[in-house]
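You will see two complexes here that share subunit A, one where it goes with subunit B and one where it goes with subunit C.
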Partner chain A sequence: MIKINNLDFAYNNTQVFKNISLEFEKGNIYGLLGENGVGKTTLLKLICGLQKPQHGSVTVDGLTPSMRQPQFLQNVYFLPEEVITEDTTPEKFIQKIGVFYPRYDFALFNQLMKELEVDLAKKFNELSHGQKKKALLACALSLQTDYLFLDEPTNGLDIPSKALFRKVISQYCNDETTVIISTHQVKDVENLIDPIIILDRDDVLLKASFAEITKKLYFEYGPERLQNAYYTEMLPGGYINVMPNEDGLESNINIEALFNAVMKNKETIKNLMQNE
Partner chain B sequence: MDFNGHKPIYLQIYDHVCERILNGEFRSGDRVMSVRELGIELGVNPNTVMRAFERLQMKEIIATKRGIGFYVCDDAKEKILSEQKKEFLETEVPEFLKKMELYGIKMEDIIKCRV
Partner chain C sequence: MNNTLNINRFGKILKHDGLNFFPNLILTLAILWAIPVIVYLAVALMPTNDTKDAVDAFSRVDLISALANIAIIIAPARLYRYCNDSRKGIGYAMLPASTLEKFLSMLIYCVIVTPIVYVAGALAIDSILALFQGPYEGFAVSIYFDTFAKINAVFQRDGIMLDESFMLYYASISPIFMLILSAIGTLAISSIFMFGNMIFKKRKTGKMLGILIILFIIFMIVVINYVAHNEAINLYFQQMNDDNKAEFIKNIIFRIMDITFYAEIIISALMLFGVYRKIKTQKY
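Our next item is the complex of A and B:
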């Protein structure tokens, strides 16, 4: 379990987090959303020990990431958005870093490379952007850490690869794993992420499972704009209205509409979600 | 499997499993795939599949047996059909009748459509 308590973090004079508290439980695939620059990547870096909190604490199964103890590091992998372009093949790369991870599985790496259709013979700097991302994903997944953090993992993937991505992530997860996917491409991970976390400058606007969200909010797909909607958007063939769910109806979450509804009604929805 | 926009995903997965029971892919007493297997096949969150399976269990379409996992209940097919019939009569038929009235279509016109 990841526990963040009263965390403050700033880059020089730019405050990123102010007194935020957040918990991540195992067995989940969290979707981390937020506008550009709100600190999604910074949060992942704080959880994996690449940054140190200035105030408050971050712990992962009781360990402090910024202490970078081997027993912590061997169970965590962070795949950054920017892809490395090392002059080596993914195979050599994974063999080099694999030794640090007790559950690393080379056969799984080969299987994933095959499944994701990445050319085994090529070096990173000879692969296309999308191929590179897939090769690094195969590397990350073959380490089999309980904690896996992916920053914009679907950027640059072609359409069939996005479906494969969802498949391999679903395959990766079990009761012990905690996966956090930071993304703007919500369509790519639409039925994969649950719970959802929406970050704002300094603050956490929403952290809720789909079940919790649909209990409080109703996504109405219909021919018109509704007056009391938190947010309305035109879709081909009608409108989607994000409404308070007063009648306890079931609906399907549209993550983009949810995001916009939350951004437009920060305090209202925050309070709505907090009320039991 | 294509998900549509309106219905919660877990209910769409519920329907999907029912469909596979109706078309005979899973028969009474058969083991159904695990939550994990179906999650991978559909590329969705395992927790979402779990929610669908909980509903299937609640409706006594599937049940668990220790060491086996989920299997299809004896009269699963009948239960699904009666539930679908009820849903058809309660939601689709009123909608259909409303449209008939709106377009001025008579019962005779409908009978004529029958193949």
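Our next item is the complex of A and C:
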């Protein structure tokens, strides 16, 4: 379990987080959403131990990430947004780093590479950006770490690859695996993530499961704009209205509409979600 | 789980660094290996008495030692160039090995493997060249580890007459102690550039060399000023006859050697502590 308590973090004079507290439970695929520059990558780096909190604490299964102990490191894998790879094949790369991870499975790597349709024989620098990302995803999943942090993993993937990405993540992450996917391309991770965390500048606007969200918010798809909606957007064939769920109705979440609704009604939705 | 030092894990990081990082140094070593070959060819093509003297076994040992020092200076930035890079260094930082294991692996490659590989290669090349009927006479390998003979040869070549106490002093030092002295010198040079590699993001070796040159100039200015303006020292020196002066200079040399020895140990310890701290706390 990941626990963040009263975290303060700033780059020089730019405050990124101010007294935020969050918990990530095992076995979930979290969607970390937010506009550019709100600190999604920084939060992942703090959880990985690549940055250190100025105040407050971050712990992963009771261990402090910034101490970078092997016991912690062998249970986490961070796939950065910017793909930097060596002049080697994915196969050689995973063989070099895999030995450090106790549950690393080379057969699984080969299987994932096949499923993600990446050429095993090619070197990283011979692969396209999207192919590199998929190869690194295969590497990350084959390590079978308890925690997997993916920073904008769908950037640069074509449409079929995005579907493959969703497929392998949902297929190969078991009940013990916690995945945090940071993205601003919310549609790419629809039907994959639950719960959702929406970050704002130095604050957490929303952290809730789909069940909790639909309990409080109603996503109405209809022919017209509704006056009491937090957010309305025109879709082909009508409108989507994000409204308070006063009657306890069931609805399907549209993550993009939810995100926009939260961004337009920060305090209102934050208070709504906090009220029991 | 031992989070500080585990032999199995240490072996893995050693293998990882060897496979991933050491090949980055091979080109540099190849260039440094090529220099004695170029010297050989130049002398073979333009043989004069002066050039032949310049490539006797002792001179070649000097050249190989100097090039080994260059290899040591360059090695940290070639081997671990990206370990403090905010993007490219993430993979290294996230490798499941302890700070101590990563530090020891870095130390082994920079301080032990690099000079051994370079010197072994250079001596092998020298031996091959010495086998031919060419300008190389004698084998550098036969005297490379004989520090006493090397020092003696250098003094003789430079026309400096060694007095008996010097000879006795060097003769009294055991070969193992001389090897330790040499190893500490290597460690001091390497640790300085390892530290430079950790604190600078770009042009790491150049910046560290620049700092050392500036520090050396400042140090020399301070020492020369102190000696030149210290009346007591000047008066003491003026009152000495030639024999006393020689004795005085000899004692100064011995004292400088002692100070250098301790300074190298202190500098190495401080620099290596700094390297360890940077590996542990580097932000990405």
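The definition used in the following text is that the second predicted complex is superposed on the first by the 275 of 276 C-alpha atoms of A that agree within 3 Å, B and C clash if a C-alpha of one lies under 4 Å from a C-alpha of the other, contacts with A are read in each partner's own complex, and residues count from 1 in each chain.
Keep this in mind: a contact is a pair of C-beta atoms (placed from the backbone, for glycine too) under 8 Å apart; a residue touches a chain by one contact, two chains touch by 3 or more.
The structure displayed is predicted, hence computed values, not measured ones.
Visitor: After superposition on the shared chain, which partner residues are touched by A:F24: those of subunit B (first), subunit C (second), both, or neither?
Guide: neither
Visitor: Once the structures are superposed on A, label A:I193 by its partner contacts, choosing first (subunit B), second (subunit C), both or neither.
Guide: first
Visitor: After superposition on the shared chain, which partner residues are touched by A:F259: those of subunit B (first), subunit C (second), both, or neither?
Guide: neither
Visitor: Scan A:Y221 for contacts with subunit B and subunit C and give back first, second, both or neither.
Guide: The first partner, subunit B, only.
Visitor: Once the shared chain is lined up, is A:Y230 touching subunit B (first), subunit C (second), both, or neither of them?
Guide: Once the two structures are laid over each other on A, A:Y230 reaches no partner at all.
Visitor: Taking the stated contact definition, name every residue in subunit A that is touched by subunit B in one complex and by subunit C in the other, in rising order.
Guide: In subunit A, nothing is touched by subunit B and also by subunit C.
Visitor: If you look only at subunit A, which of its residues touch subunit B in the complex?
Guide: Of all residues in subunit A, those touching subunit B are 27-29, 163, 166-167, 170-171, 173-174, 191-194, 209-211, 214, 221, 235, 250-254.
Visitor: Which residues of subunit A touch subunit C once you look at their complex with the stated criterion?
Guide: Touching subunit C: residues 45, 48-52, 66, 68-71, 73-74, 76-78, 80, 82, 84, 86, 96-97, 99-101 of subunit A.
Visitor: Along subunit B, where are the residues that touch subunit A in the complex?
Guide: 3, 5-9, 11, 36, 39-48, 51
Visitor: What residues of subunit C sit close enough to touch subunit A in their complex?
Guide: Going by the criterion above, the answer is residues 1, 3, 6, 9, 12, 15-16, 19-20, 87-88, 90-91, 93-99, 101, 280-281, 283-284.
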